[in-house]
Each structure stands twice: as structure tokens, then as C-alpha cells.
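Here the chain labels run A, B, C and D in written order, and each chain numbers its own residues starting at 1.
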Amino acid sequence: MRTARVFRLSMAHPGDLSALEELIDRGTIRAAEVVAVIGKTEGNGGVNDFTRGYFTQTLMALLSRYLNRPVTQLIREIPCVLSGGTEGVMSPHYSVFCIADNATAERRFPSALAIGTAFSEPVPTEDVGRRAHVESVASAVREAIENARIERLDDVHFVQVKCPCVTAGRAAAAITAGKTPRTSDPNRSMAFARAAGAFGVALALNEIAPGDFDDESLLSDFSIQSPRASISSGVEVECNEVVVLGNSSAWDGSLRIAHRSMSDALDIGAIVDVLADLGIEARPQVAPAAAGRIACVLVKCEPDRRGKVRGHRHTMLDDIDINAQRHIRGAVAGLVAGVIGEGRIFVSGGAEHQGPDGGGLIAVIASQQKAGA
Amino acid sequence: MRTARVFRLSMAHPGDLSALEELIDRGTIRAAEVVAVIGKTEGNGGVNDFTRGYFTQTLMALLSRYLNRPVTQLIREIPCVLSGGTEGVMSPHYSVFCIADNATAERRFPSALAIGTAFSEPVPTEDVGRRAHVESVASAVREAIENARIERLDDVHFVQVKCPCVTAGRAAAAITAGKTPRTSDPNRSMAFARAAGAFGVALALNEIAPGDFDDESLLSDFSIQSPRASISSGVEVECNEVVVLGNSSAWDGSLRIAHRSMSDALDIGAIVDVLADLGIEARPQVAPAAAGRIACVLVKCEPDRRGKVRGHRHTMLDDIDINAQRHIRGAVAGLVAGVIGEGRIFVSGGAEHQGPDGGGLIAVIASQQKAGA
Amino acid sequence: MRTARVFRLSMAHPGDLSALEELIDRGTIRAAEVVAVIGKTEGNGGVNDFTRGYFTQTLMALLSRYLNRPVTQLIREIPCVLSGGTEGVMSPHYSVFCIADNATAERRFPSALAIGTAFSEPVPTEDVGRRAHVESVASAVREAIENARIERLDDVHFVQVKCPCVTAGRAAAAITAGKTPRTSDPNRSMAFARAAGAFGVALALNEIAPGDFDDESLLSDFSIQSPRASISSGVEVECNEVVVLGNSSAWDGSLRIAHRSMSDALDIGAIVDVLADLGIEARPQVAPAAAGRIACVLVKCEPDRRGKVRGHRHTMLDDIDINAQRHIRGAVAGLVAGVIGEGRIFVSGGAEHQGPDGGGLIAVIASQQKAGA
Amino acid sequence: MRTARVFRLSMAHPGDLSALEELIDRGTIRAAEVVAVIGKTEGNGGVNDFTRGYFTQTLMALLSRYLNRPVTQLIREIPCVLSGGTEGVMSPHYSVFCIADNATAERRFPSALAIGTAFSEPVPTEDVGRRAHVESVASAVREAIENARIERLDDVHFVQVKCPCVTAGRAAAAITAGKTPRTSDPNRSMAFARAAGAFGVALALNEIAPGDFDDESLLSDFSIQSPRASISSGVEVECNEVVVLGNSSAWDGSLRIAHRSMSDALDIGAIVDVLADLGIEARPQVAPAAAGRIACVLVKCEPDRRGKVRGHRHTMLDDIDINAQRHIRGAVAGLVAGVIGEGRIFVSGGAEHQGPDGGGLIAVIASQQKAGA
């Protein structure tokens, strides 16, 4: 049976993969087992955040060295999903997802963490944020679910997609070529790309039907949402990269995943509840021993478009000095880190259509405990 | 007996005092009762944050109109302590502290919230961040405690001081005049001013003795701290403005104050504990009914100087794009707001020597409940 | 005959009008002569820039004191057009435009600087950035030209308009009221408001005809532009405020105005040319003596939408950390200040439809020299 | 004889070296000829600017591939000096410095551009910004001058040094090890490192003597300066990297270098003068044909510490939202680009002790013209 393992590693800067290198050198991880990486780098998370490209280049060069396969091939096989911006108490880190086949292992739990990945074709600039983009994502998500051998869609808990977006330069090039990008504004484009990703996940998970939306629904009809979609967007990718996480009886392993919707940026209850789903108590903070069971924390959040949080005006959307996504990441990470008791959490902004409007989602991977343990 | 009341009011922008105006017009507040204002405006909190000056000018013009006394006099009598920066989920708001004498009121509680204020002489530019500054603060704090009729120093729970600082311009002027400012760097000057304020509070509260420190101790010996000091610094004040909050049997009223040290930016326990001190339960969030008892939440925090929070690297101090104080305010406000359930909280950065190194403090004012209520 | 005077004054902070106060106290300016103020405050120039409101409040309170007329009336009579953001070498300052009737003055020059002002009705949130907004501006501009007694439209050299825009809050309110704002994005709204202002000026100056555009032309058809329009937008105004500057034989006075289009952000030739129009030589910098003749420098500029300046990629539009308008203001101000030899210049971003696409305009007011002088 | 060539190349992002790759593939440049790279990447230029590390990693991997030598060796042999931050009209680009031996070439000019490089030993964290650091730089500069075969120190026109600095993390590590870093503040450390670099250049060029300064002189005695020093500082280097540029009769080639001090940020005269030194006229802008002769423009600048430019207050030092170095780079680049007529110019902030206080320097490399050409 297949076993999933997750290693959460710190970095000194976006080009520092020494922690992974050490684990490979020590034999803890075999390079061939690495199937995906999800991490937080210390950039600004915007169009001009190159910490993601820097990390990716370094990771792929490292794996290329160990695997003796060209970088150009690896970047089409191993999703590397990075969210820039470690505002406030967040700590730059990356989670390495590994799959091993351990034929002889005694079965420990009825089901366990399952991982699947997929890559779409490149998305043309003029498709970004439109139905063609949605369908491209949906198709890749379905492929990843199949790869993960997850039989029931209910057992999918987290679908990470990294979508390409439009820079000012790409937009200009498309226009010159007679195409009409959905927008030439890079930040706006990132938002449309995230919306397309969320619609694609919702479509693949049967949360919506193909007739439920058209191009105009993106960034407009916020009743359409997937509570299991986590979408990033960045200049450094050209196709949609997908990582599906769920639980499956086809997998053995000690890890398990759960998720909850966050109704808004103050929804501490969702954090406590998702931990409870995994048998971890927070009163008010997870005790150090239990915290050791937590392998990965994945959060999406969003500055409320309507300008208020629980009835009181916030200033995130009107701030010219700090991008609204940086604001909300810092706030929600402060809350999640306070409950969890540490800052190595993946909190990503831009949660349009990913969970309730103005809220988002939280997923946690933790080791299971045997009954009676 | 004297009664303290606190009104927490929202603003649409830093020049919007309409909520206070309405309360005065309706007769809920008499203008003469207003003794202090503490608030959060939506600036950046730095040297070039003029939202504080704008709010203060508007407030004083308003009170001047109702009181028929000149603005120049009012600004020397009514401390208006503002912290700029409503990062993340914080909502711009201000708390109006009022004192009324209600001779006929039946005594309801053994003790209640007591308020005292004081102003020091102007602090010369070259004194900012030095012993003369510390002593100027201490003297004003002692005066405010006496004004508040708080007999035991243990009953002081929160001392807010607003200290003047040095701008590039003021520093240049002082140097031209043959003086030596402690620093010409405006941000550094704000930090020294806050340190002097904290030392002054500690001195007044007998937490340290005059021989325990010299000029070099400021921003250097972080074992010296006052867990009840909250210091702001800004270009818009020239003398130290002090507001002392505590509980006293000389006061009647429904309000009461408590405080706790926060050991670091993840200390959710301190938040839950200070609420428990006031009989308010958070599991994990304060229920709406109990939240209605909360009149004011005052928090100081600080990006850990040593570059780590609970062993994991943070990036606040190395970020050129977002000031470290803006980072930490956003993170801690996210945590406190999540427990309290709303964003009208005063979270101020720059907590040097105010509570544990890398941490800070939280004080909450809430209405008391009669036994059996 | 009427005489126009312009006083360029420095400020220590956005609430500092002491330089004007001193001139009034000394009798140099009579408060009743002040008809308009145009200035640069040291905010960020965005939706959350409150330095403009702070300055305006302070100015109006000052004039109210001298004129014994209520502030509410003055703000509807005296345009106070502020552009936030003194990036780089720009120095915070304001130009006070005064009109005096000096019946006995000997005529010195055939024509001289003429000033006219006007205010439109408030612009409803849902009209911002649409034809109704354009027409409202055009009507006010025509009124101001008439007030200025400028007979030929060719003699109009600079039309400053300050337009209201939409904040997240106003947009939400309009939507609740069943209206459809052109956009809910505050920055986008400021851009649409500026576009409407530029179209309005072009319409009033007969540069375009009413049938030449529809709502879709704004921020889309950049062939439509007025090389004499300078539009600001901000949250602090509700109606369009207009200041028209030109030359007229109906005025006496030593000042004169000229303007030039800037073809792009590197168009140093336009700067040298507009100075030459006024008989001032720059080789490469204006000599101190000639610089003393310059009374006011007004510049509009814009980060090129197409992502390049003279064929080379710029990064202004993709920068999440610094707003693109702050980038371009700093660059163009560096160039203009280098030619002029000082930093008290009004350089305002957001030049959509104001001069050539990717460029902008420069207008200079300088004292005339008698023939032979 | 040796010939120096300089290729100024554009990049689409900090990891894009495709322009260089193409020149090597086409045979225009042989990889072994590359001796140094100086460029501008589109980061923020601060401690947390990783675009420099990203570019360097990409460059070294590229050269390693062509040269079949390990990256670890190349980074100790080829200085790659990057300045982050392409504010305003600056365009991300890099200049590749190549040396070829062309034995058969006919001598064209009496002297020509000469290039020398050197690397110091790593600088311990506690030495950064102290005399040991100064001497380490001076020694490396002397070595580079010798390598460049420049016989007279007067013929040295530009000395670029990249110095290591202290991050919050490195400072903490040093303190733990019982060392005392000059400062723990990363930005302050970058300034001290630049000061040490400038003192080192001045020492090597005999502009100052060893007894002229002590540790306290750095960032304090601004009468000490080198008008030919250009110092950058960054987290990604551990030793001092030096590139010396001058003219020498030992070199053949069409290029020549000149430099001028800039007295302040408005010193357009220095720009025109340095071009005149190379026979290039700017009135006011360099004509396209002459612009084609310009191979490289190198500028250092600094926000005036005293808070004023030519008597008028600037706001760069008090701005919490935009780093002062980003402000000044944008302003000075706007001026230089306006004269030169394009944005591919290297403008680097942090010019402490590099040229006049509040000013800086400009160096230009251009092709020479035969007499009569």
C-alpha cells in the first residue's frame, strides 16, 4: 500500500533548501518520493514576488541533481505551490509531500492521507479568468483525484491549485497579438485566475454544475464557492498545477486530514473544530505534546469585500501602502498561530469563491492516534 | 462619588467625530465630562502618520465649540492618545473616557474604574529618550494616580503615556542649536521615547528604583519593564500626556479594569485570563451577550527583537516594505479580535520595556455584574 | 482691473498653515483675496490619504477666523485642490491664488494671468466615472472660464479639477440603495473619476464634441485627451471643484502662464520649452535669478499603461509594495526639479486622458519681464 | 592587448538571463570572457530583497553550464554586483563586462576602458562596519587595480564594491557566540557596511590616510568620502566583491569611462558634464545617435540626511511606507534617464561617504570616436 508522509521544513531565505537536502542526504527522504511541495516564502505575494520563482528554481535544481533528470521535466511533474508573504508571526517554511510504497507494512488505520497531483496544459493569456480556464482546472483536479485513488468526493478535503495570471507585459503582448485579456491589471488578473481555479475545483467536486455559471459569475456571484479549494496565482507558472489531499482506504500511513470553512476572519471556532476533528484539543492553545502531532496547517482567507468584519469597518481595501492580501494574511495567521502555538502555517490570501464570502477555509494534517493510545 | 464611563465609538475617517457629537447633542455625554480619549486611527503609525493630528484637531475644535474654551487650552487638559494603524481586522474607533459626579447614586460595587490624567512640561528635543525624559514621565504619572484617587499602586492596571519624539527636522534644528539629540533617525527616536515612557511608568509604580538604570539602559536592558505601561509616541505632541486607569473604592460605577502580561505574540492564554479576571468566558470566543459587557480593549505588542517567535524565524524586522510595527499590530490584533469577536480593539506596537521582551500586555475594561446577576 | 497673485508657501506638516497666517497677519495677503489653493501634501495620494482633508480643514478654519464666515460656506466657494504624495525630492507646499482689484494700477503688460473658479453640484456615487460626471465637470469648467473673463479658449492653459470618487464604503452604500457604481474598487474609482474630469475639460474647451465618446471611452480610448486638464480625485470632496488658469487682457499683473504636453516620462524637452515660452532659459538648469521668477510649477504624469518607457520595461504597474502613482510622481518630479532647481513643484499622478498616453503636461506660472528688462 | 567590452542587457524578471544566453549561443560573447556583472533587479533593495540572490544563482548556473566549472567556484571569481529596486522609470537590466585578448588588433585609441576584479576573505559579522572591514575592502581594491593594469590612481573612475551586511538572524547568532555586532538593525547594518566600503575605496585610492578615521567616523564624519566609490550591501554575499573601472594605455578597445561627483539630487550639471567628458552632448537630452554610444550609466545617490534639498524640506527620511533609498533612487533615476533618454541606468541608493554628503556620483562608459569621426 501507499503511504503519504509530510515534512514541514524551515528556510533561512527563499533559496535555502538545505533542510530538505539534509533529509535526503541522511536517507530520511528518497528524492524520488517527493511528489509535491507547498510552502510560504517571504515575498509580498503579489505579481512582483520573485521569491516563489527563486525557491522553485532552487528546489528543482536540487531534485534534478539527486534524480538525474532535467529540471525542465521535473517542473512539469512535481507541483511546487508557494504563497508569498509571511506577514506578522508567520514563519517561512515548506511542506514536502512524499509517497512511498511499503508493501510489507501492517495496516494501522482504516484510512489515511492520500495525495494526488496533476498538471494542465498551459493557459493562454486571453483564457485566464474565463470558462476555458475553469474547465482546464476542473479537468486537472479530476485527474489528480484519480491519481490519489480517492473513491468518494466527500473524502477530498483540500485541493490546492496554482494558476497562471497576466502581467502588464503579457497583457500587452496578447493585445498586440489581437487577443483580449480579461484584464490588463496584474492584481485584478490574479484575482480572476483564483476565481477560475475555485470554480474549477467546485466543478470537479460536483459542487456546481457546468450550467451554473458563465464568465460574468467570476468575482461577481460569490454564492458560488468551493469550501475545499485553495487557489494561488503567480507569474511563475504557465499551466494549472494541482495537488489533491484527502483520506482514502487505499492508503496506509499515520496521517489524516480534516477541513472546515471559516465564516469570516474572526472564526476561531473553525480552527478549534478542525483540530477537534483530528482529536486535538485547544483550550485555548494546543498543548505542546499535541502540537507535535500536527504536520501541516493550510488556510485561505480574504479581506471582506464589503468593507466590514462583523459590522465594523475595516481599512484593508482602502490602504494604498499595504496590499489588502498582506493585511488579511497577517491577521488570520495571528489568530491561527495563537491557537496552534506556532508560526509555521500556510496562510494564503485571495480566497475569492474559496469558502464563504469574506471568510475562507482551514485544513489540518495530523498524525492519527491508535484507539487507546 | 465619582463615576467613570467609557464610550467606544466608530469613525468613518480620522476627521470624523460625528458619533461623539451626536452623543453630546442627545445629552448622553456632557462635553465637560470628557477627560481623555484613546483611539486607533487608520494611518501607518509612524513619524509621517498625520491621522493622529487630524483627529486631535477635529476633537478639540468640537469640544471647544461645546465648552466655549479655546483649543489651545483644551489640548493641555484633555489627553488624546492615538495610535495610528488599523492593520488587518482592526476597526478605526476611539474610546471616550468621562467622569461624572453623581452624589445621589446608590453604591453598587465595592470598587470601580478610576481615571486620572496629567500633562508634563514640554520635553526638549535633546532630552527625548534620556533620564530627564524618564523623570518627566514619572512625575506626571504620580500626579495622575493622585488625581485618580487610587490609593494602592497595585490597583493601577494601565498607564497610557503619549511621548513626543524627534523628526528629522527637529533633530536638525537641535543640532544647529548646539544640542545633541539621542538620535536623528525618526523611527529610532520613537523607540527611545517609548522606552523613556515605560521607564517613567515603572519608576512611578515603584517597579524600579532611580538607581536601577541609566541612559544606556533604554532599548538595551530589556529586563527592565513595566507590565502596566502602554506608551505611544508621535510627532504631534510636545509634552508627555498621561492617562492612568485602575480600580478604586473612591469611585462608583459599573466598570472595572483588569490586565495581564502577554509573554509573546502567541499568548492567547493571557487574553482568556484577563477576560476571566472580569468574569467573562471565552471558549473559544466570547459569546455575543458577554461581549456586550466589554467597554474597551487595550493591547501593547512588539515584534520579537531576536527574530524568532517560539523558536521559528519571523520576517517582521527584515521587511523593507512593511514596517515591523504594522506587522505585529496586525498579527496580535487578529488573535485578540478572534477571541473577543470584534475589531474595535486598541492594539499598539512599540512595546519596548512594556511587558515581557517580545510580548506586551492586555488590559480590558468591562461592566461588572452584581452577585447573582 | 483685476490682478492675480500667487504665493508658494512651505508647510511643516499637513496641518501647518502658519506661512499663510503670517502673510495675512503682515497684511501681504488679505484673506478675502484668496480664491483657490493648489498644493502637495505628504500623504500617499491614495484613497486612504487623509493629509488632504487635514490640510483643508485647517485652511478653512483659518480663513473662517479671518473672514468671519462659516467653514461650511467657504469650502463651497474656495477650491482647495491637493495632491497627496511628495515622493523623492518634492517638498510639501501650497500655492495660494489671490485676486485683487487695483483700479489705479498702471497697465504693465498686454495680458496677464487670469483665474476663475467654480463648483458643481455633488456627484452621486453611481454617476462617478460616467457621462453625467463628464457633463457636470464641463459645465463647471465653462462657468470658471467665464468667471476668469478669458475670451478665447486658446488662452486657457491649465484647468485643475478635483473630482469625488468612490470608497469601499460609499460603493457598498450605493449598492444597498439599489444603485450600480461604475466600480467598487477605490483605486479604480479614482481613475474613472479622473477620466471623467479630463473628458469634461476637453468638452468645455471644444477639444472633443459630445458625440465623440460614451461611458465605455473612459479609461479605454486614450486618443481622447485634453492637454490642458489636470485632474485629481479624492475621498474628501463630493462635488467637482474647478480652477481655470489662463492669460487674459482683462487682467493686469506681472504673472503669466504657459503649458506644454509631455510626450512621456522622459520628456525633458517639454520642461525646457515651457520655460522658454516664458522667457526663462535652462541650460541645463534654470539659474537662481531666473528661478526667482517662477511662481508655480504644475505637472501631471502617468505610469505608461503599456509597461514600457521608450521601449524598455518599467516595473511600476507590477509593484505591490509601492503604488504606481507614487513611482511615477517621484520619477517625473526628479526630472522637473532637476531642471527647475528646486523641489516645490506640484507633480500629480493619475494623468489618464490628460495629455498624451503615458505622458502628461506641465504648466508654469512666472513673472513677466518688461521688454528690455 | 586586452580589450574590454560591455553588454547592457534587459531581463523579463530576476531569473531571466536569456539575453546573455543568446549572445553566448550566437558566439558574440564567449562565456570565459565574462569577468563581472553589474545590474539592477526589480526588488526593493533592502535586506529582504531576494531578487539579487535569484539573479546570481541563475547567472552562475548558466556560466557553470558553459564553462563546465562548479558554481561554488564561479561565485568566488566573478563579481555579480546587483542593486535591487527599479523605481520609477528605471528598467531592470544588467551590464556584462568582458575581457578579451586580441593580439592582432590595431591600436585605435591611446587608452581605453580597463577592468579589474577581486574578492576579499569573508567578513565576520562582528567586523561589519568597523576598521577591519575597511581594511579588507582597501586590500581587495588595490588587488583589483593591479589586475586592471591601471598605473595611475587618477585613471581609476569607478570602484564598485558589494559588501556583506548583518541580518537580524546573523546578529542574533553573533551575539550568542559572544560577539558584538556593530548593530542588530539590518538596515542600519547595510548603511555601516556601505560606509566601510567607501572608506576602503578612499584608503586604496590614497584619498584618505589610515590615521584619518576610526570606527566612530563611519556614518558620522561625512567630510570623509570617495568620489569614485559605489558601494552596495546585501545579505547574499559574505565577502567583499570588487570591480574597478578606469582607463589605461595597457588596454585597447573602443570604450572609455568618465565620472563626476553629484553635489545633490538636483545636480543635472554633473550629468551633462560627465557626458561632455566623453564627447556626448545633451541639450537638453542626448540625441538618439549619440545615445547609441553609451554603454553603461552608473549612479550613486542618497536622501539628504539633513532633511532638506536646496533649502526645502523633503519627506524621504520620515516616510514609514516607502524606504528612503527607494525614494531617492526613483527621483535621481528620473533625472538621469531624462537627460540620457532611457531607463536602463544603474542608480543605486545608499551613497554614504560616496561623493558629497547628500549627493553622490555618476560614471558613464561610452564608445570613443576617432578624431574627425
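Some notes on this structure:
Here is the rule we go by: contacts are C-beta pairs under 8 Å (C-beta built on N, C-alpha and C of every residue); 3 or more make two chains touch, one makes a residue touch a chain.
All values derive from a computational prediction rather than experimental measurement.
Averaging C-alpha coordinates per chain and comparing to chain D, the farthest chain turns out to be B.
When the contact pairs of A-C are matched by residue number across B-D, A-D or A-B, over half of them reappear in B-D. Each chain gets a centre from the mean of its Cα atoms; for chain C and chain D, those two points are 39 Å apart. Between the Cα centres of chain B and chain D there is a gap of 46 Å. Listed for chain C are residues 12, 42, 44, 48, 169, 313, 315, 319, 321, 326, each touching two or more other chains. Those residues of chain D that touch chain A in the shared complex are 12-15, 42-43, 48, 50-51, 53-54, 57-58, 61, 169, 235, 321. Only residues 10, 12, 42, 44, 86-93, 265-269, 271-272, 282-285, 309-316, 319, 321-322, 326-328, 330-335, 337-339, 341-344 of chain D touch chain C when the two sit together in their complex.
Remark: chain A residues 44-49, 167-169, 171-172, 184-187, 305-308, 313, 315, 317-321, 323, 326 touch chain C in the complex.
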